[in-house]
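Every chain is named by a letter (A, B, C and D) in the order it is written, and numbering of its residues begins at 1.
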Amino acid sequence: MIRPCDMMAVTMARLIRDGETVFHGVSSHLPMVALLLAKRLHAPHAVHLNIGGGVDPAIARQDGISSAGGNLWADAAAALTLAEVFDLSMRGGLDVAFLSGVQFDSTGGVNASLIGDWKQPKVRLPGGAGSAVLIPTARRAILWRTKHDRRTLVNDLDFLTVRGHVSDLVTPLCHFTMHQGEMILKSIHPGTDIETIASSTGFPIRYIRLDSTPPPTPAEMAALKEVDPGDLRNIEFRS
Amino acid sequence: MSKLTSLRDAVRAIPDGALLALGGNTLNRAPMAAVYELARQGKRGLRLVKTAGAMDVDLLCLAGGVASVDAGFISYESHFGLCPNYRKGVEQGQIQANEHACYTVISALRAAAYGLPFMPVAGLKQSDLPRAHPYFARVRDPFSGQEVSAVRALRPDWAILHVQQADELGNARIEGPEYEDILMSRAAAKVLITAEEIVQEGHFRRSERKAQIPHFMVHGVVYQPRGAAPCSCQGCYPADEAEISSFLALEDAQALTSWLHERGRAGI
Amino acid sequence: MSKLTSLRDAVRAIPDGALLALGGNTLNRAPMAAVYELARQGKRGLRLVKTAGAMDVDLLCLAGGVASVDAGFISYESHFGLCPNYRKGVEQGQIQANEHACYTVISALRAAAYGLPFMPVAGLKQSDLPRAHPYFARVRDPFSGQEVSAVRALRPDWAILHVQQADELGNARIEGPEYEDILMSRAAAKVLITAEEIVQEGHFRRSERKAQIPHFMVHGVVYQPRGAAPCSCQGCYPADEAEISSFLALEDAQALTSWLHERGRAGI
Amino acid sequence: MIRPCDMMAVTMARLIRDGETVFHGVSSHLPMVALLLAKRLHAPHAVHLNIGGGVDPAIARQDGISSAGGNLWADAAAALTLAEVFDLSMRGGLDVAFLSGVQFDSTGGVNASLIGDWKQPKVRLPGGAGSAVLIPTARRAILWRTKHDRRTLVNDLDFLTVRGHVSDLVTPLCHFTMHQGEMILKSIHPGTDIETIASSTGFPIRYIRLDSTPPPTPAEMAALKEVDPGDLRNIEFRS
């Protein structure tokens, strides 16, 4: 049985190319682990940028509470503050931003702000953090969400926190990719099927060529355990 | 010219309704001791500014002291989930949620630090945020004629920052992640420093690791070991999960008062 | 992924006509070895950017390589007086003097670093500078309607910075005064580092004095002891007055060529 | 015989009040010494800001070449880059800026840019450095110039680098102050007289009350030798 967190971490890691500058923010243990995994495997020169401010931290010390803490600074060679990481993206120098949200539509729109009417929200969400400026400026934004249901993948967003350079969306069930302005299904994770995905998705499922997401290889699993001995990739599923 | 004072006296100087920048990020190096004292003194109508806040904002919301929050992200991380008191306050219409991209908070603080009424912002393009909030606008580049987004300056009345080291004159040094603290010290009209350690001025003079916040920007220095707890403080202590959970179990402002009172007796 | 290269190869990558930011300030930590090499290679049409330049700018002017200078101040300090070659070039119409307030150079570099086409600037009020130069304009604050000055972004093709320490990946650390170097590394499309010392990457990782310029912004690293001489380099050497005087005694570009050749044979 | 550099340093020092934030730039040994003198005497809490970036450096090491060097950083307690010092002034936090120039008029206008026509200057000057933004934003700007002649104090500037919050102008002959938008004579240094000043000044000399500048006191001279053992205050006169 493949755990969703492992399947997601591996899928997200595979999207990172060698040499790219990659940013993740707070509440982002899963992309953090995916990035560490990619650097261990096929993308050793990917550049790890984060809120803690360390560039390419070795992360000798795990932190289960925060993905924006001092452990991302302590053993880095260079420092770059959050403000400067944003600046980098604004001037076109950020290749990949990992971002999440609560609602996603088929156009790549993201809502991380609120549920209901914005003038009097039913649910106040945390907010998009850097999304509103990063998704339009990073070369590509990779979205992830540990829930896949019709309240998450919707036809109509309650609020558009941002639309921009979304390239991929990874969920516990599948991997979507953007194609000509539309979010289409790219691959289905092992253990589910297209009917389950269609019934769990609020927008119509479309695809050009449908693959099965390759399950984590033994090498990927071994590396995953090395870069994430504390199983931080599973935090969002435990909560 | 010593600015050393007690936390009580330092926080007394902050008026109800102040626009207040809080240092740190989520559960890291937030100025929690000062936040506790703001709640104990029953401050009202505070307008908080932060890129990403968590327990600091949530606690002041439970205390009933918050009028508005300008931030990009207000939530705990990992298993602690959303900020229940902030959510409730916003959903019940008591607290104004001024949602930013974290970067527009930075840009708004930069505008204040640079003496400008606004800051242009690249990147803010397809979003409902500018439509929903009056602190966003568009401005025309006078050279190319192209339009770019802009955010109104945020000039905090006070910045409250917890640091690892300060001297009694107010020179303050942050080790490890700076987050927006240095910028906040420039943008704010006044700065309150709480510090893990009070060092001699000569300590910084002899070192190549200079204070990043110069004394003349600082209006009060409080010796406050564990002043970020239960949040983490780089090089000093990690976050205290049990204590955060203990806070999250509180049901109302009255329970918070007792909880803060207990901690006050324990010298926290 | 080592970016270590020779000064000659590194400077070859810089094309004629490049917009070139030079680190340091007046006679302090200017990247003189790289400036010598630019002159040796006979670069033409360089457009220099700096808040306050001195021998670096003056030498390139004598070499005939300068098309324009965007700066707030171009002069030696103290008894060395004005920059004779810069003056002559401007007065004879060969060099365009784009006078800034030093701060408008900073603001123009900030605009580039922040991905913006312009930066509003407080302070630039009663002056002929905006009338004389097209890179200044006025812009209206979209919130209050009040006007404020603005400067056009300056995005250098290259920043050339001399630092005390770098590793071969490009991580670079400046000790002491930073001047505009860190900002230049963000504003420029490419960065060339010359360094007094090449350290192991682990050196920065183990230290709390991190590199302020991360490797991925850097395109070439040159091991160049005394790379700022005859200017000063903090913690390494003071300015060399005799050598500066020796340069100032040169009468023309031909004399400069011989002077540079002599120094080249001595490994400078 | 009082040396002009001593008279100027002392006059400039007396203008600094305790607790003020004070900036000087490059080519500014004289104001640097004046500030150190003021801090030694009546203004111990004046804050010394500079291009080197050290706040309140002790300046254990003298530097005759530059007033923007690392010696202004090495033994300071806090660091504040030039950009941040400018920012401070832009937001109204700088009390005093020391600036020079080549031409000055009776309205407080300063030319540090060029002589002749700006489209084709006869003499290209160094430029105003920070003047154009500091003089209008600092609470007050104190000007100094080691030459006092009709080419320096002029009726008409060739180019207005800046006009703003000029409060004082100190020369080897006298001390001017701004009064209702006009530069008026405040005091005459020992060893000269109003006729000499009038014939050396290109704009009409006006005054309300005319004093003699008090000569340096023995305490001032003693302190001056302590803070400036290398006689940096005399550099501009030697060159």
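Methods note: a residue touches a chain if its C-beta (ideal position, glycine included) is under 8 Å from a C-beta of that chain, and two chains touch if they have at least 3 such contacts.
Model, not experiment: these values are computed from the prediction.
Undergrad: Tell me which chains count as touching both chain C and chain D.
TA: Per touch definition, common to chain C and chain D: B.
Undergrad: Could you tell me which pair, A-B or B-D, is linked by more C-beta pairs in contact?
TA: By the number of C-beta pairs in contact, the winner is A-B.
Undergrad: Between chain B and chain C, what distance separates the C-alpha centroids? Give it in angstrom.
TA: Centre separation, chain B to chain C: 37 Å.
Undergrad: Which whole number of Å gives the spacing of the CA centres of chain B and chain D?
TA: From the centre of chain B to the centre of chain D is 39 Å.
Undergrad: Averaging only over C-alpha atoms, locate the centres of chain A and chain B and give their separation in whole Å.
TA: Taking the mean C-alpha position of each chain, the two centres sit 27 Å apart.
Undergrad: Could you state the distance in Å from the CA-based centre of chain A to that of chain D?
TA: The answer is 57 Å.
Undergrad: Return the residues of chain C touching two or more other chains; collapse runs of consecutive numbers into ranges.
TA: Where chain C meets two or more other chains at a single residue, that happens at 114-116, 121-123, 176.
Undergrad: Mind pulling the residue numbers of chain A that touch at least two other chains?
TA: In chain A, 54, 73, 89-91, 137 touch at least two other chains.
Undergrad: Which label fits the chain touch graph of this model best, line, ring, star, complete or other?
TA: other
Undergrad: Which pairs of chains touch each other?
TA: Pairs satisfying the touch definition: A-B, A-C, B-C, B-D, C-D.
Undergrad: Show which residues of chain C lie in contact with chain D when the two form their complex.
TA: 25-29, 51-52, 71-75, 77-83, 86-87, 90-91, 93, 97, 99-104, 106, 110, 121-129, 132, 176-180, 183, 232, 234-235, 238-239, 241
Undergrad: How about chain A: which of its residues touch chain C in the complex?
TA: Of all residues in chain A, those touching chain C are 21, 45, 47, 54-55, 58, 73, 75-80, 84, 87-93, 137.
Undergrad: Under the touch definition given earlier, write down the residues of chain A that touch chain B in their complex.
TA: 25-27, 29, 51-54, 63-70, 72-74, 81-83, 86, 89-91, 113-114, 118, 120-134, 136-137, 159-164, 235-236, 238-239
Undergrad: Could you pull out which chain B residues touch chain D in their complex?
TA: Per the touch definition, chain B meets chain D at residues 1, 112-116, 167, 169, 171, 186, 201, 204-206, 210-217.
Undergrad: Which bits of chain B are touching chain C when the two form their complex?
TA: Chain B residues touching chain C: 114-123, 135, 137-144, 146, 148, 150, 152, 175-176, 208-209.
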